[in-house]
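Encoded as C-alpha cells, here's the structure I'll be asking about.
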C-alpha cells in the first residue's frame, strides 16, 4: 500500500477541526501584490480559494490592480502619481483603471477560478450598487511646504449594499470584486482595494478578513513580526509611527472590519505558497492577526 | 383638474393588458447599434428596460460593442478586419475587445441603469460559466479566388449555463451580459452579441427575444417591411438571398431562440425612441416578428 | 412612426419613479361614493386597482354600500334612519345590508375586476375572522332635547385579524372587503366602511390609505383645499368644527391608520377620472394628504 | 376514576386508523337539504367539518340554497319554476339567488363555522375565477307535447380554476363555496351545487366527495339501499330508470368527480346526526359509495 | 341507524375544543412505571401518543428503564443499589443499562408505535448530541453515620441540544428518547428519565410536560390529591417534607420545565387506561397540575 | 516558513478535484470487520467519515456486529451457528443481537463520531420504518445429505423507506444504521449488514457504496486483485465459483446497489489506514470497483 497515500490522508484528517470551525462562514480575502504578478503563486491562491468554498466556507475576493494598470497607462503615455499610496486619478486614468481592472484583471481571475472549479462571478463596485462612493478630500503632500493636492477620481466608500454578495453566496458562487465605486451623480471612482475589502467584510459581518501582502505581516522597528495585536495595540503603533505608509491602508482595513463585527483579521505574506491555507488550516497560522 | 394628468392615466390603463400578458415572463433584449451610440436613445432604452422589470417582466440584456472598441483599437494602432460581419480577432485585439466590452461598455450600462432604479449587475460570458465557447471554423472570403481566413479568437457558442442568470433574476436583479466566452483551455473568445442573445433566450426559454437594430426590421426587395414572418418564411428568404449579410446574424439569432422554445422574436428599429415599449405595449407592435 | 405611440411611451417611463417607490407595498383603498354609482367611473377605478397590482403594489379594497342598499330597503318597505352618518340598523335592515353588500355589491366588484385581469377575491369581515365587532354605544340625536338612540346592529371594530389578507396577498389575489363584522356571540354588525379601511390599513401597516370621496378633500371654511395636513392639524380642525359630519369618519379612518403605522393617508375626489393613478403616479398628487 | 371518560378515550383511539388514512387528504362535502334547514343538524355538520380539519383533513364545502331563497322570492312576489331539478332563472331571480346565496346562506355558514373554530372563508364561484360558466342548453319539459324551455341564467360549468382553493387550503382555511358562476362576458349564472361539488372534487383530485342528501343513499326499486356501486353499475341504473330525477344530479356529480380522479364518492343521509363522521370514521360507513 | 355510532361521533366532536387548543403544540411525555410493565396499558399509551400526533400535536416521549434492566442485571449476577431513587452505576452496570435501555426498551416502543401508525424514531441522549452530561456529585446515604457514596456513572444534565428533536418534529416523526448522556471525554452516563423529560420540555419550550407515574398525583398528608399547585406551593411542600423521595424527581422535573417556559406540567396516574387522553381531552383533566 | 506546512497545503489542493466531484453526493459506507475491532483503525474510519461530511458529501453508515455480539452470547452461554455467513438466530439470540447492536455498537460509534465533530444520529432498521423485513427461506447446509435448516429470525429485506435518512441528511446529520428489521406482525429480524447497505444505497440512489472488508478486494484464483469489474464480470465469477462464501454477501450488496442506480461500488481493505479517503481522494483508488 502506498505510504505517501496514507500520509496524505493524515493531512486531510488533521485539517478537519479547522474545516469544521469555518463551515458556513464568510471569509473575505484581499488579493493583491506579488501573489498577483507571479503566475505560480496566482494558480495557488486561486486553488486555495476554490478549496475554501468546497470545504464549506463562503469566500469573497476583493482584488487590487496589478502591474497591468501601469502597463496600460504607459502604453497610453500617462505617468502615475501616488499620494499616501493612493493613485491620483484624472478621467483618462480612471477610464484605463476601470477597463483594465474590471475587464482585464477581474476577468482573468474569474477564468482561472472557473478552471479550478469555481463557480466564480466577477463584480465591480457598481454591480448591484455594491459600493457607493464619494470624492476623497484633497491630501497634503509630504514636506513642510507641500501643496494640497486634489486626488481627482479617488473615492472614499460612502456605503456598502451587500445584497448582490448575499444573492451570489446563496447561489453557491464565489464573488470576485473589482473595487470601483459610483456616486449619486453616476461619477466613477477608484477605490482602494484594502479599504473596500475591510468595508465589505464589515458589511457581511464576515468571520475573517485576510489581506495578502508582500511582507510577513506587521513588523516591529527591529523587523520582527507581531503575531497578534489587539485593536488598541494597533492604534498605539499607528500613533507611534511604527506602521509605515504602505501598511497603513491594510491596517485601516482591519480596523474597519473589526468595527463592523468581523471576529479576526489577518495580514499575511502572499509570497508564501498557499499562505491562505496555512493561515486557515494550521494551529499557529501565519502573519499578524489583529483581533477585537 | 389637470386634463393632461387624466390623459396620462388613460395611457397607463391602456397598457394594462400588455403588462398582464408579460407578467413574470423573461424577455431577452439584444442592445446595440445607433441606440447605443446616441446618448438620448441610450437613456430611453435604459429607462424602458428598468420599467419592464418594475411592471413585472424579467429582462435580460445582451449588448454588443459600440464605437468604443473601434476607438480603442485605433488608439492602439490596430485596424479591424471583418468577415461576414465577424471581427477577425488576434490576441491584442481580443484583449482590447474584452477590456472595453466588459470594463467599459458594460459598466457604463450598469451605471446608467442603476441610476434609473436598476438594480443591474454586469456579467461577461465567463461569469458563472455562462457562455462556453469554441473556436469558429475558418471562413472563405468573398469572390471566387478568395482565401480561407482564420478568424482568430472569434468563437462559436458551445453551450450556455443559465444558472447565474436564474440566480440574479430570482434576486430581482437585471443581468447585463457582455458576450465573451471561454473554452476548456481557458482561451477567451469574442462572441457575436446577436447569436449570444439568441442562445441565451433559448436556454432560458424566454417569452420573447427583441433585437434592437438600425433598420425597421426585415425588408422585402422593394424596401417594404415584413411585419410578421414564420420560421419557414425566413428560411426561404435566406435561401433566396433576400436577407443581406448585415441582417443575417440577427435572423439566425431569432431562429436559434425559436428552436430553444422562445415564443416570439422581434427585430426592431432602435433609432425609434422607446421602440421597446412600443413593441411590448401596443397592439400593432413595431418591426418584424419572427414566430414559431 | 406613430408620434402618439412615442408620447404614450413617454408617459410610461415618467411613471417609473412612482412605480419603483410603491413596489411591493400594500395600499388600502376605500371605495365608495359617486365613483361607485357612476358606471364609467367604476370601470376606471377597477382598472386602476388592477393596474396597481400589476405594477407591483398590493392593493386591498374596502367598499361601502351604494344606492343598492337603499333600493333594497325601499323594496322591502323599510325607511333608513341615520345618526352621525351611521345607519340605525334593526335585524331586518341588517339582513338586507349583509345580503346586498356581500352578495350584491361585493360580487359585482369582483366580477368587474376579474374581467380587467384581477384576480380578485371577495371577503366579508366574517371571512377568516377578519373583523371582530362589538355593539356601538347609543348616540344622542341632535338638538337640546334629543333622545339617546340605540343604533341597533351598528358595530365598532374590536379587532382585526389580517391573516386572510396576507394569505391572499401572497397568493397574488386582490382582496375586496365588504365591511361586516361579528361579535363573540355570532351577532352580525354593520361596520362603517371608512373606519374598517382605516383599521385594516393599520393592521397591515400599509404604505398608504386612500379614501375615494365625493369632494376634493378636506376644505377650509372658505372652501379651499388643504393639500397636506399633519395629525395635529387635523385634530385641531376637528376641535374647531371645521371638519363636518360627512367628512368625520373619513378623517378618523386616516387617524386610526396613522396610529397603526401607515405612512400617508389621502382623501381624494372619486369623481375625477383615474383619481387613484393621479394620486399615486404624479408628483403633486390630488386631494388632501394627512401624514404622521 | 370516571368510567365514561375511559369509554370516551376508547372512542378516540378507535378513530385513529381512519384519522391516519385521511391525514392531509382533501375531502369535498356537498352540504344541502334537511341538514341545512334543521338548526341542530346544522350545528352538527359544522362541528363535524371543523373536526375534519383539526384531525388533518382538508375539507372544502359546497353548499346549495336552502328555503331562504324560496322565502326571498316569495317576498319579492316571484314564483319559482323547476325543470329537471333546475330552477328557471330570469334576471330578477338571479339577483335574489346570488344575494341570498352569497350574502346570506354562505355568510351564515361562515359565522357558525368560525364559532366552532374554523377558520372558514366564504367564496362564490366568481372569487378568484373559481367557476367559469356558460349558458345551459334549453330543456324539453315533460310530456309528448312539451315545449322546449330556455332555463335563463342557469349555467353549466365550463371550467374550474382551483388556485384560490389551494391558496386557502395551504393557509389552513376551510373554503365554503356558494355555487355561482360567470361567463366571459361577465354574466352571472346559477350553478347546480351538486355538479359544482363534483367538478371541484375532480379539479382538486380530492380523496373523497361526500354528498349530504335527504335519503339514505341510492335505493333499489324495493327501497333497499345499495351500499356500494361501481361506475358501470350506476350507469346501468340510470339507463334502466332506477335512479329518479331528484337523485340524478347527485349521481352525475359522483361520476364527474370519479372521472377527475377522485377515489371514492358517497351519497349519505344528512338527517342522521353526524353522518359525516360516521362515514369517515367507522368501518361500515353509511349511505351508498360509488367508486371507480 | 346505529345509535352507538352517533354516540361515538358525539365523543369526537366533544374533543374538538381540546384538539384545537393543542394544535401544533409540543407535548413532552415522560413514560414509565406500571404503564410500561403492563402489556395492555402499554398498548393504550402508545395508541394515545400516536393519536396525539395525528390530531396535530407534536409529542416527544422520554422513557425510563423498566423491569428489563433489573432482569438483565440479575442475569449478569449484579445487584442494584439505589440512593435517592438514583441507581449507583459502575461500568458493567452502565453497559447493561445502555444496551437494554437503547437497544431493548426503546426499540420495543418504536416497534409498537410504528405498528399503530407512528412514525417513531428512537433516540438516545447521545444522538445528535441531545443530552450533554456531567458526573453527579456524591450523595450522603440515610442515617446519621451514613457514608458519602459516589454514584459512579450517574450523570446530571449539563445541557440539551434540541436540534435533532426539531428536525424530527418537522419531518413529522415522533421522537422516543432513552435518557443516556455523554460528557466531553465521551464517558456515558445514566440520566434520570424524569429530569431528562423536564429539561427537554424546557429546551423545547413545550406547551405541556406530562409525567406518567404509579400514583394519582401529588397527595396531601391525608392521601388526598392536590388537583393544582403553583410553583410556590410545590416548593413549600418540598420544604415541609410532604413530597416524598419517590415523587421528588418528578416534582423537580416539573419545576425545571416551568423554569424553561413550559406552560403547564402534569403528574398523572399511568395505571388509569388512557390517562393521557383524559388529561388532554377532558375539562377536569386528571392528576396534579403544577403551573407557572 | 515551515516547509511541511506548504507540503500539507499541497495535499489539500490536490484533493480539490475529488472534493468537487463528490460535493453534495450521498456515499453509503458499510463499516465492519477489522476496522471495527482495532481501536486505531476505528478512530481513523470515524474521522474519515466526519471529514467526508465537512467537505460536502452526505455519508450514511451501515455497520455490522463486531466481536461484542459473540462475547455477549458467550456470556449468556449461547453458541452461534452460521450458514452461508448468516447467523442462525433464535429469540434469545435475537434479543442479544438487537441490544448489543443498537444499544452497544451503534451508540459507541455515535459517541466517537460526535467527538470528532459529527453530528451523528444512531438508527436501527426499525426507526422511521427504515427496513421492512420478512423471514428468510430455510437454507440447505453443505454436503449431499445436509439438512434444510430454518435460520430462525434471520430476515430478508422486503423494502426500504428512506424518508428518515433524507430528513437527517437535510438536517446535516450523519445517520449510523444498525441493520435490524421488522415485519408486519412486529417480529424483529437480524439483517445482513452488507445487504442492508446495498439496499439502502439503492433506495437513496447513492453516488457510491463502499464496503470496508478484511481483504484487498475481489481476488482472482491466484490471489491477485481485480481493480475493476463490470456487473457481467462479477456474475460470471460467481457462476465460476471464484467468489467465495465470505465475499458473496458483499458482492451481492454491490449488485443490488447497482440495480438501484448507484454509479459505483467498491470493496476495499479496512485494515489499510484511511482506506476510505484513499478510495475517494486519489486517482487510482484502492480495492475492487464494481461498476454498472
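Letters are used for the chains, namely A, B, C, D, E and F, taken in the order the chains are written, and counting of residues starts over at 1 for each.
Quick note on the criterion: a residue touches a chain if its C-beta (ideal position, glycine included) is under 8 Å from a C-beta of that chain, and two chains touch if they have at least 3 such contacts.
Bear in mind the structure is a predicted one, so any value in this text is a computation, not a measurement.
Peer 1: Counting one step for each move to a touching chain, how far apart are chain E and chain F?
Peer 2: Steps on the shortest route: 1.
Peer 1: Do chain B and chain C, two copies of one chain sequence, contact each other through the same residue numbers, with over half in common, or through different ones?
Peer 2: Same: most residue numbers at the chain B-chain C interface appear in both copies.
Peer 1: If you average the Cα atoms per chain, which one ends up farthest from chain A?
Peer 2: So the chain farthest away from chain A turns out to be D.
Peer 1: Pick from A-F, B-C or E-F: which interface has over half of its contact pairs in common with C-D?
Peer 2: E-F
Peer 1: Please tell me the distance, in whole Å, between the geometric centres of chain B and chain D computed from their C-alpha atoms.
Peer 2: For chain B versus chain D, the centre distance works out to 55 Å.
Peer 1: Indicate the whole-number Å distance between the mean C-alpha point of chain D and the mean C-alpha point of chain E.
Peer 2: Result: the chain centres lie 46 Å from each other.
Peer 1: Taking each chain's centre as the mean of its CA atoms, how far is chain A from chain D in angstrom?
Peer 2: Spacing between the chain centres: roughly 68 Å.
Peer 1: What residues in chain D touch two or more of the other chains?
Peer 2: If we look for residues of chain D contacting two or more partner chains, we find none.
Peer 1: Touch graph of the chains shown: is it line, ring, star, complete or other?
Peer 2: Contact pattern: a closed ring, each chain touching exactly two others.
Peer 1: If contacts are counted as defined earlier, which sequence of chains do you get going round the ring from chain E via chain F?
Peer 2: E, F, A, B, C, D
Peer 1: Per the contact definition, I'd like the list of chain B residues that touch chain A in the complex.
Peer 2: Where chain B meets chain A, its residues are 75-76, 95, 98-104, 106-107, 110-112, 114-115, 118-124, 126-129, 163-164, 167-168, 170-171, 173, 180, 182, 186, 188.
Peer 1: What residues on chain C touch chain B, complex-wise?
Peer 2: The contact residues of chain C facing chain B are 1-2, 5-6, 8-17, 19-20, 23, 44, 47-48, 50-51, 54-56, 116-117, 272-274, 277-278, 281-282, 286.
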